[in-house]
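Both complexes shown next keep chain A, but they swap its partner, so chain B is in the first and chain C is in the second.
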Partner chain A sequence: MQKIFEKLLSLDRRYIFLVIFLAVAVPIFLKLKIDIRVTDEVNAFYKAIAELSSGTRVLVACDYDPGSEPELQPMTEAGFRYFITNKIRFIIIGLWPQGPMQANKALVAINEARDEYIVVNDEKLYFGTDLVVVGSDTARYGIDFVNLGFQAGNELVIQRMGSSVRAAFQTDLRFGKPIEDFDIMRGLNKLSDFDFIYNISAGYPGTVEWVQFAVDRFHVPCGSGSTAVQAPQVYPYLDTGQLSGLMGGMKGAAELEKLVGFKDKATMSMVSQTAAHIFVVLFIVIGNLAYFATRGRVAKKG
Partner chain B sequence: MSNMFSDWFSIIAACAIWLGALNLMKISLNKAYKKERDWFYAIVTIISFLVIVIAGFFFSGGRRFQEPGTNFDWLYINIYSPLSATMFALLAFYVASASYRAFRARNAQATVLLVAAFLVMLGRTPFSDWLSGLLFMPEGWQISNISNIIMNVFNVAGQRAIMIGIALGLISTALRVILGIERTYLGGD
Partner chain C sequence: MELSGQIGVWIAAFLTIGISSFLYRDNPIYKFCEALFVGISAGYWFVSLYFQNLLPMLFDNLGITRLLGLSQTNGALQNVLSGQWDERIWYVFAGVLGIMMLLRLFPKIGWISRWPLAVVVGSTSGLYMITYFQSNFLSQLQNTIIPLVNLGRISALAQGSGTLDEYFAAYLGNIVVIAGTLSGLIYFYFSKEHKGVFGGTARVGIYFLMITFGASFGYTVMSRMSLLIGRLYYLFGDWLGLVR
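On to the complex of A and B.
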């Protein structure tokens, strides 16, 4: 027995890598699904967006990059789907340079139209960019949604938007046209004109800054989708009511997908994540058992 | 006044991005020229930088460079995104390996941390509900409930303490600078 524990303590880490690889990959290939329970935080988030009536305007702040895509992209996609099917208009911005491109990627991903484009009044409208089709609903760029792109300046961009959106974002990302030329931007002058902030955040600048500047100073309600690593940091804002709701990590995304009624990538990945968590817990148990059985006599290897 | 400072901050931040990019090129070119250790990676950095900048500036077909369908977008979707996601995904393997080899209940504090991590990790998965049912855990004492208590009570208390500590630290540092007690930023003692 002692020898087994000693061998376990000096186990080559490549075996651990292999186990984690199989735990993550096998459920994806087998397309296994698991039912999840919706937590209070995500319920509160959904309740906040469910209270928005059609025609209201939401600021979607995509503050993340492809590194956090598996966790956060499903939140963006589920949010866009919900907004389009409920005729809620949305304005995309990013305090991270990659954020607005991630939003573009999400719009292309959720578009259900098979054709590349249609011609309306001699104008070619491309699906996925000019028009986004979700079920029987269609959103049009400039009228139902617009992408204003990235602006450097972190939290000061939020502060600047507080007095003038135009001062922070002069043109849109797609055409480089002045933002006041778009139908969706009519009457939208400052941050407090938005009905809700849908923030998807992977760190700084992100949810903490939106709460400190947009919520506390300009009183715009904000819901956050955060990475699992960042979520503990923003929990205090949820407790005080400064955040309307919180989606933490891939599980938060899967819960939103369940509430929105379109189970997609996050739900598909939940089995993999669950398996990986279980194996990490098992590794900790085995590691500790072996350590105490041998009292750490075996030198660590690998 | 506040708006003016905000505008200037944005201008300086935008310039800093260029400064950072040019500095990266300077360091990489220097490293490649002098053939310092790992100079090959400096060449990769330079080529990658030039390819994406040239694709964005000169080969967007008259459209905005970030628009879907441009060469820049193709590089972003097919090269930058997978590489970036891969780097982050590697963490899972190293976390698993580190948890096996280093996460030990050596003392009381480490044991508390270990148990909390256990409960939160399991509580954040649907598996915890199944396990709680299997162990006949009473309602309110299921693993997911305990996980929520840890996150909503203990974690929030700890995070608040950190936030208040940082705020007090910032105030005291600012006062030291304003009163001239702190002069290290000027190069003094």
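On to the complex of A and C.
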């Protein structure tokens, strides 16, 4: 038995990589389903957005880049779906340069219209950018949503928005037009004019800064979708009520998809995730058993 | 199987496999992909910061682009020179501080860059002194001033059947929070030797810290697996067309 343990301890780590690869890859093809239990923190987030009435305006801060796309993009897509189907208007910004691009990508992904564009009053409106169709609902750029792009300055941008949104964002990302030209921006002068902040965060600047500057200073409720790595760091804000809800990693995204009623990428990935976790736990148990077993033998010899 | 016809998808697939090849062993393809990533990231940041910040916030606001004939809109310089006050003229100070920061590239006058750094450090400290105290100290401290058992939850449970974690949260949740906070704080108190009851409590604090690190590790594993799943969906789906 000890020889087996010794062999296991000196096993080439590439075999472990191979096993994890198979554990993740095989379920992708098997198309298995798994029951997802919605946790209290995601329920709290959903409850917070469910309390928003139609016409209210939400600030969507996309603070992530393609490196966190598998975890956070499903949250962005599910959030947009919910907002559009419930006629909640949203303003996209990013404290990360690629965040607003990720938001654009999400809008293209959720758009269900098959045509490329339609012509309204001699104006070509492109689906996925000017118009986003979800089920029987359509959101129009400038009226139901707008993308103000990225602004450098990290938490200072939030601080600036506290007194003036215009001071932090002068123009939109798509047309470069002054933000006051858009219908959605009417009466939106400062951070406290927003009804809710939906922050999708992969690190700094992100949820921690939104809590510290927007929630605690300007008293705007905030819900967060965080990468799993960041989630333990922001959990304390949930317990104190500084955060209205929290989704951690791909599991949190899958829970939101379940609540929104559109099971997509995150839900599909849960079987692979579970299989990989089972093997990781197994490896940790075997590794510890082997370590203690061989250490005992060495001690006896000594 | 329906292979992607887009060149971008093929490049992304090649780079994914190239970076992943490091798991087998270090190799020239990995090195190439890594160098490409670093180079493109630096270039992207530079272009992004220039076009989204320097150009609209500094050059347009001050009127430098107008001066060079690259814009039709007047900036602060044009307005002030024509006798019309424009508060955007204050961006001159930001521009000067930015130039001072760049002077660190010249060793003889590099000391000048300490001044804008001092402004950054001073203003950030002032800003964070209040926010940290409010968000990370007062609010968290307030959250530990709670009754030992959660009577609200207990009465809610009495009306219907609850799950095991709901019972735990009602009867032991607050005790765990209080014990964890106090023992954790005691562990970080080094002015008294960790012996006797004090040492025992500090040891309990270590266990709480270890559980916290374990939870963080678990979340990190979940995060990394999610990234792997994302890339595999990309390779098998977007690139090879094996899954939809």
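Note that the second predicted complex is superposed on the first by the 295 of 302 C-alpha atoms of A that agree within 3 Å, B and C clash if a C-alpha of one lies under 4 Å from a C-alpha of the other, contacts with A are read in each partner's own complex, and residues count from 1 in each chain.
One rule holds for everything that comes next: a residue touches a chain if its C-beta (ideal position, glycine included) is under 8 Å from a C-beta of that chain, and two chains touch if they have at least 3 such contacts.
From a predicted model like this one, the values you see are computed outputs, not experimental measurements.
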Exercise for review: Once the structures are superposed on A, label A:Q273 by its partner contacts, choosing first (chain B), second (chain C), both or neither.
Suggested key: both
Check your understanding: After superposition on the shared chain, which partner residues are touched by A:F17: those of chain B (first), chain C (second), both, or neither?
Key -> both
Practice item. Could you say whether A:A25 touches chain B, chain C, both of them, or neither, answering first, second, both or neither? Key: second
Check your understanding: A:R217 contacts which: chain B (first), chain C (second), both, neither?
Key -> second
Point to revise | Comparing the two partners chain B and chain C, which touches a greater set of residues in chain A | key: B
Review point. Does the superposition put A:D137 against chain B (first), chain C (second), both, or neither?
Key: neither
Exercise for review: May I ask you to decide whether A:R37 touches chain B, chain C, both, or neither, giving the answer as first, second, both or neither?
Suggested key: first
Review point. Touch check for A:G128: first (chain B), second (chain C), both, or neither?
Key: first
Review point. Touching A:R174 in the superposition: chain B (first), chain C (second), both, neither?
Key: first
Check your understanding: Looking at the overlay, does A:E69 come into contact with chain B only (first), chain C only (second), both, or neither?
Key -> both
Exercise for review: Starting from the residues of chain A touching chain B, keep only those that also touch chain C in the other complex, and list them.
Suggested key: 17, 20-21, 24, 67-70, 149, 151-152, 156, 159, 228, 232, 236, 239, 248-249, 251, 273, 276-277, 280
**Study point:** List of chain B residues in touch with chain A within their complex
**Key:** 2-3, 5-7, 9-10, 13-14, 16-17, 64, 66-69, 73, 76-77, 80-82, 84-85, 87-89, 92-93, 95-97, 99-101, 103-105, 114, 117-118, 121-122, 124-127, 129, 144, 148, 151-152, 155-156, 159-160, 163
Exercise for review: Would you pull the chain A residues touching chain C in the complex into a rising list?
Suggested key: 14, 17, 20-21, 24-25, 28-29, 67-71, 97, 149-152, 155-156, 159, 170-171, 211-213, 215-217, 227-229, 231-232, 236-237, 239-240, 242, 248-251, 265, 268-269, 272-273, 276-277, 280
**Study point:** Contact set on chain A toward chain B in their complex
**Key:** 11, 13, 16-17, 19-21, 24, 34-37, 39-40, 65-70, 98, 100-101, 104-105, 108, 126, 128-129, 149, 151-154, 156-157, 159-160, 163-164, 167-168, 173-176, 228, 232-233, 235-236, 239, 248-249, 251, 270, 273-274, 276-281, 283-284, 286-288, 291, 296, 300, 302
Exercise for review: Please give the residue numbers of chain C that touch chain A in the complex, ascending.
Suggested key: 23-24, 44-45, 48-49, 52-53, 56, 127, 131-132, 134-136, 139-140, 142-143, 177, 212, 215-216, 219-223, 225-233, 236, 242-243
